[in-house]
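Structures given as structure tokens follow.
Next come two complexes built around chain A: one with chain B, the other with chain C.
After this line comes the complex of A and B, so read on.
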């Protein structure tokens, strides 16, 4: 009996060590990347003899980087709007009445999330040419939207399955036709799920390289621009761009996670 | 509308779910201003009837006529019927006032009228202080009142209540029962109440329809059901009773004579009396049995021995072993003083023929 707490304590220390080792493994590359963005030298590597913010001022002064950033954000926002609209629609359809082919519809809906990125990118490219869609913003938005729909469907369906049937019946009972009941009861109930899915889609789209690369025209998205800059040699400027992108996406992700958790709790 | 025309007329209503028959050929009228309770165990068809009246289910056969209009095929939003749901189904993202105004907005009322009507109903149900609260900030009893206010606000011809007291604790339930009954009296609304709780049904209803396996077992006032149950099912379901199984010996006017545990008993005859020698059951309520030291002058009397007593405060519950072998048990309620005075000596139990109902199974 007496040595059991000791044993337990030993276990806990062991588990804590493993945990911190894992955290280190994940974060060291990120930290190195951030540090190099502040190095006052063109060569990446230790030691760092003097520090500078020049790379950041350079990035914010670089019209190409700024416009590419805006381009990526525009693609993310537009593709997210499409995915949310289509995904919510499909989720409502699948979660409602049972119909023949429901299983198949669900399978086909989720499929784009399971296809490897490179394969779906090539498929999109071939299909776009076949349909006569020019490479460029439209094609990228289309590919991102299709890729993101499954995530919206899954998140919205999960939320929808917790909506008590009596809520809709009560609305109908009080004089709402099915459309009004959907707009005034179902949709407000889905808001936390839709917001959560939106943030997820925005980040997925902003981060996407393969589809944007295969379907892009002359204007690069941010990940494609970074890739292009890498080919002409590694420079701390890239570290600076990447750090800004990292901070922004992490902040949005953390805020969204807390926000949706709070909303779920309230309802 | 004259008083003679029923508010609701249900004609030959049946509902099948696949192979299962939920409701079998129900025909019934409900008068304006009645408090009707559909009572029965789960799966008896009471909720199905309620959902058909609300428009949430289509009957397999039959019609529902509301205020002279056939509403059988009408969706819920077009019926002048509102419902209090079992889980209240309050809209969590709307305040109490918004919940109550919901039905009024959809009726196309103007802002001022909505405000006036909402305020009226909220003060009627003593909800004035809660208008700006959200449902999650209310207690169970308050939520129940909001659900009632929301359903009453559009002034429906018929109010459906689906076991609305199930979620409340026992103490609150008694209080809400009284409230509901008084609200029904003051509004002169027709209430269609569904429950499996016989006590609830007895306290509130003008009329109770006992359902079993999709059919009506009995339809009458609470008193009729309690004192003159039409079937063994009703006698067992409503209140506590002694069921005596014996054989028919014959009839005497409106009474049946039967053999039970070596004694001859007399009771009120049912609609159909089986032939001589056939098995039959009679029901006598616990409080109708009297204790006597000598053989009493009542129509029915048996001798027995008290085997257990339970003190219940104002009264005592007794178990008496009777019959040739002493293996038949009678249960009886007596006042506490009589109960205490009864010892281990044999006692006589007596009751009148009018207090025993002979039943059809």
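After this line comes the complex of A and C, so read on.
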């Protein structure tokens, strides 16, 4: 807040207009998409004259959609577990330690986050074949896990840098070996960061299209299913599926945001 | 219970800690664990090696490995190799790229689009970030930011579809324009570079907004006030203070958005048309057909990654030079 608001009043109103216009830009498409899922016609387009819940009942009765949903959730959960394990370990190695090759190791750690989507998907596809991993659930889990590791490392490193070193030293003085000191002091301290990173990984994996598309077998993940349906034509059924995915991801995102804020306040 | 704490710290466990009923107490009291831990912590060097081995192995095999393997495949004449056939190294896959405009046209189009969309994203999000950082009270800042973060949690495909509904011939924009009598027949927004731009800016805006916001937040407010007192107008203040002081945020935001924009695959397919084919679609084409084409696809992907890296590196150097030039 400006100490002397009268000075920048004109700017302020102008910028506020831009901000709210941007909020509209960000929200209106999603709101329209949700509304279209309630349209009582097969034809996508405005105006909407009559409303129905049929598309939703159809979606929840559709075994393919339900199983795809479960498939995506399973992939997200399993890849997140791997990312968290690996990412935390790398963060513990990198944070506050000086060794030859630390810079290179850090660079390689963040590499998967910087590779453009299509190139990352292609590289994983080639490497999966090289390793003998068949396209399918295992390949998608592996690709998502590798892709999400950098985000875990960055979040955990940030938290780790605020850990009071004296606590570890005290534990070591009292006879705890490095592993016990890690498990009983460092790890509990990292819990908020790990939970935050987990939510982030879950959403990244659940929303990912390009890696799932190139590494998937015959079973589609939810974004791949929506993409396939879109290619054969728009229909309110897709809106209903997309809305269910939207509500779920947004709800988890908001909850995680509040949760991590509360955790940060407590510490 | 007597034991030598300093000996313990130096890795020479003296006496074992007294029996501790917790899980960790029982584990440390367990003979085999004790022996293993003594071997592992025998020297700081060994301890470090045990800690470092897995992460370094992981980044080499999982982070670097796929890129190297892609590079290797791009230099071979056939992949996977048929049994009994000798695999030979070749640069032909790279030569193929320059030989046909059907390949390099989408390539330059992708880079141009990515640059233009990155610039659009910057211009659109800068005032938003400025407003958030400078004109919203601390208490509300998080709330205002969270409002923009919510759509960010929604996936790429769903948001692309939302743009399709917005811009379609019977979409919301055309409906509103018709309602006000501004047009007689719908404007064909869809399947053009315009619809693609709207979609890509929509998907990448937050990657720009967050670095800009954190750069602007650090900017001391007194500077703007001093400049205003000395008679500088809004435009001068922006050009002489805010812009030079946030070059780091601009640089990292643009780099991130540019790299992401070059990698989109589904969004250009859904929002673009035949005249806006991007290189991602060209690359993907080699992986949908028989395996023979994999080396070419790998070569094209390598070309694109190299180009994106060169451009972002040059851009960052330019930004650094600008920043240094401004300080002197």
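In this text, the second predicted complex is superposed on the first by the 255 of 267 C-alpha atoms of A that agree within 3 Å, B and C clash if a C-alpha of one lies under 4 Å from a C-alpha of the other, contacts with A are read in each partner's own complex, and residues count from 1 in each chain.
As a convention for this text, a residue touches a chain if its C-beta (ideal position, glycine included) is under 8 Å from a C-beta of that chain, and two chains touch if they have at least 3 such contacts.
This structure is a prediction, so every number in the text was calculated from the model and none was measured.
Which of the two partners, first being chain B and second being chain C, lies in contact with A:47: first, second, both, or neither?
Second partner only, chain C.
Does chain B (first) or chain C (second) touch A:185, or do both, or does neither?
A:185 contacts chain B only, not chain C.
A:164 contacts which: chain B (first), chain C (second), both, neither?
First partner only, chain B.
Touching A:24 in the superposition: chain B (first), chain C (second), both, neither?
Neither: A:24 stays clear of chain B and chain C.
Would you mind checking which one, chain B or chain C, touches more residues on chain A?
C
Please indicate which partner A:66 is in contact with in the superposed arrangement: first for chain B, second for chain C, both, or neither.
In the superposition, A:66 contacts neither chain B nor chain C.
Considering only the touch criterion stated at the top, classify A:228 as touching first (chain B), second (chain C), both, or neither.
After superposing on A, A:228 lies clear of both chain B and chain C.
Could you say whether A:99 touches chain B, chain C, both of them, or neither, answering first, second, both or neither?
second
List the residues of chain A that touch chain B in one complex and chain C in the other.
On chain A, the residues that contact chain B in one structure and chain C in the other are 172-177, 180, 184.
Would you pull the chain A residues touching chain B in the complex into a rising list?
Listed in rising order, the residues are 164, 166-167, 169-177, 180, 184-185, 188-189, 266-267.
Within the complex, which stretch of chain C touches chain A?
Residues of chain C touching chain A: 3, 5, 8-9, 13, 17, 24, 27-28, 37, 41, 47-48, 51-52, 54-56, 58-60, 62-67, 69-70, 73, 79-80, 124-125, 127-128, 130-132, 134-138, 142, 144, 146-159, 161-166, 168-172, 175, 202, 205, 221, 224-225, 228, 234, 259-260, 262-266, 269-270, 280, 283-284, 287, 294, 297-298, 301, 304-305, 308.
Considering the complex alone, what residue numbers of chain A touch chain C?
That would be residues 1-4, 7-8, 10-12, 15-16, 18-19, 22-23, 25-30, 32-33, 36, 43-47, 86, 89-90, 92-94, 99, 101, 105, 108-109, 111-112, 114-127, 129-130, 146, 149, 172-180, 183-184, 203, 206-210, 213-214, 223, 226-227, 230-231, 234, 238-239, 242, 245-246, 249-250, 252-254, 257, 261 of chain A.
Quick check on the complex: what are the chain B residues that touch chain A?
54-56, 75-77, 81-83, 85-87, 89-93, 102-103, 106-107, 136, 150-151, 154
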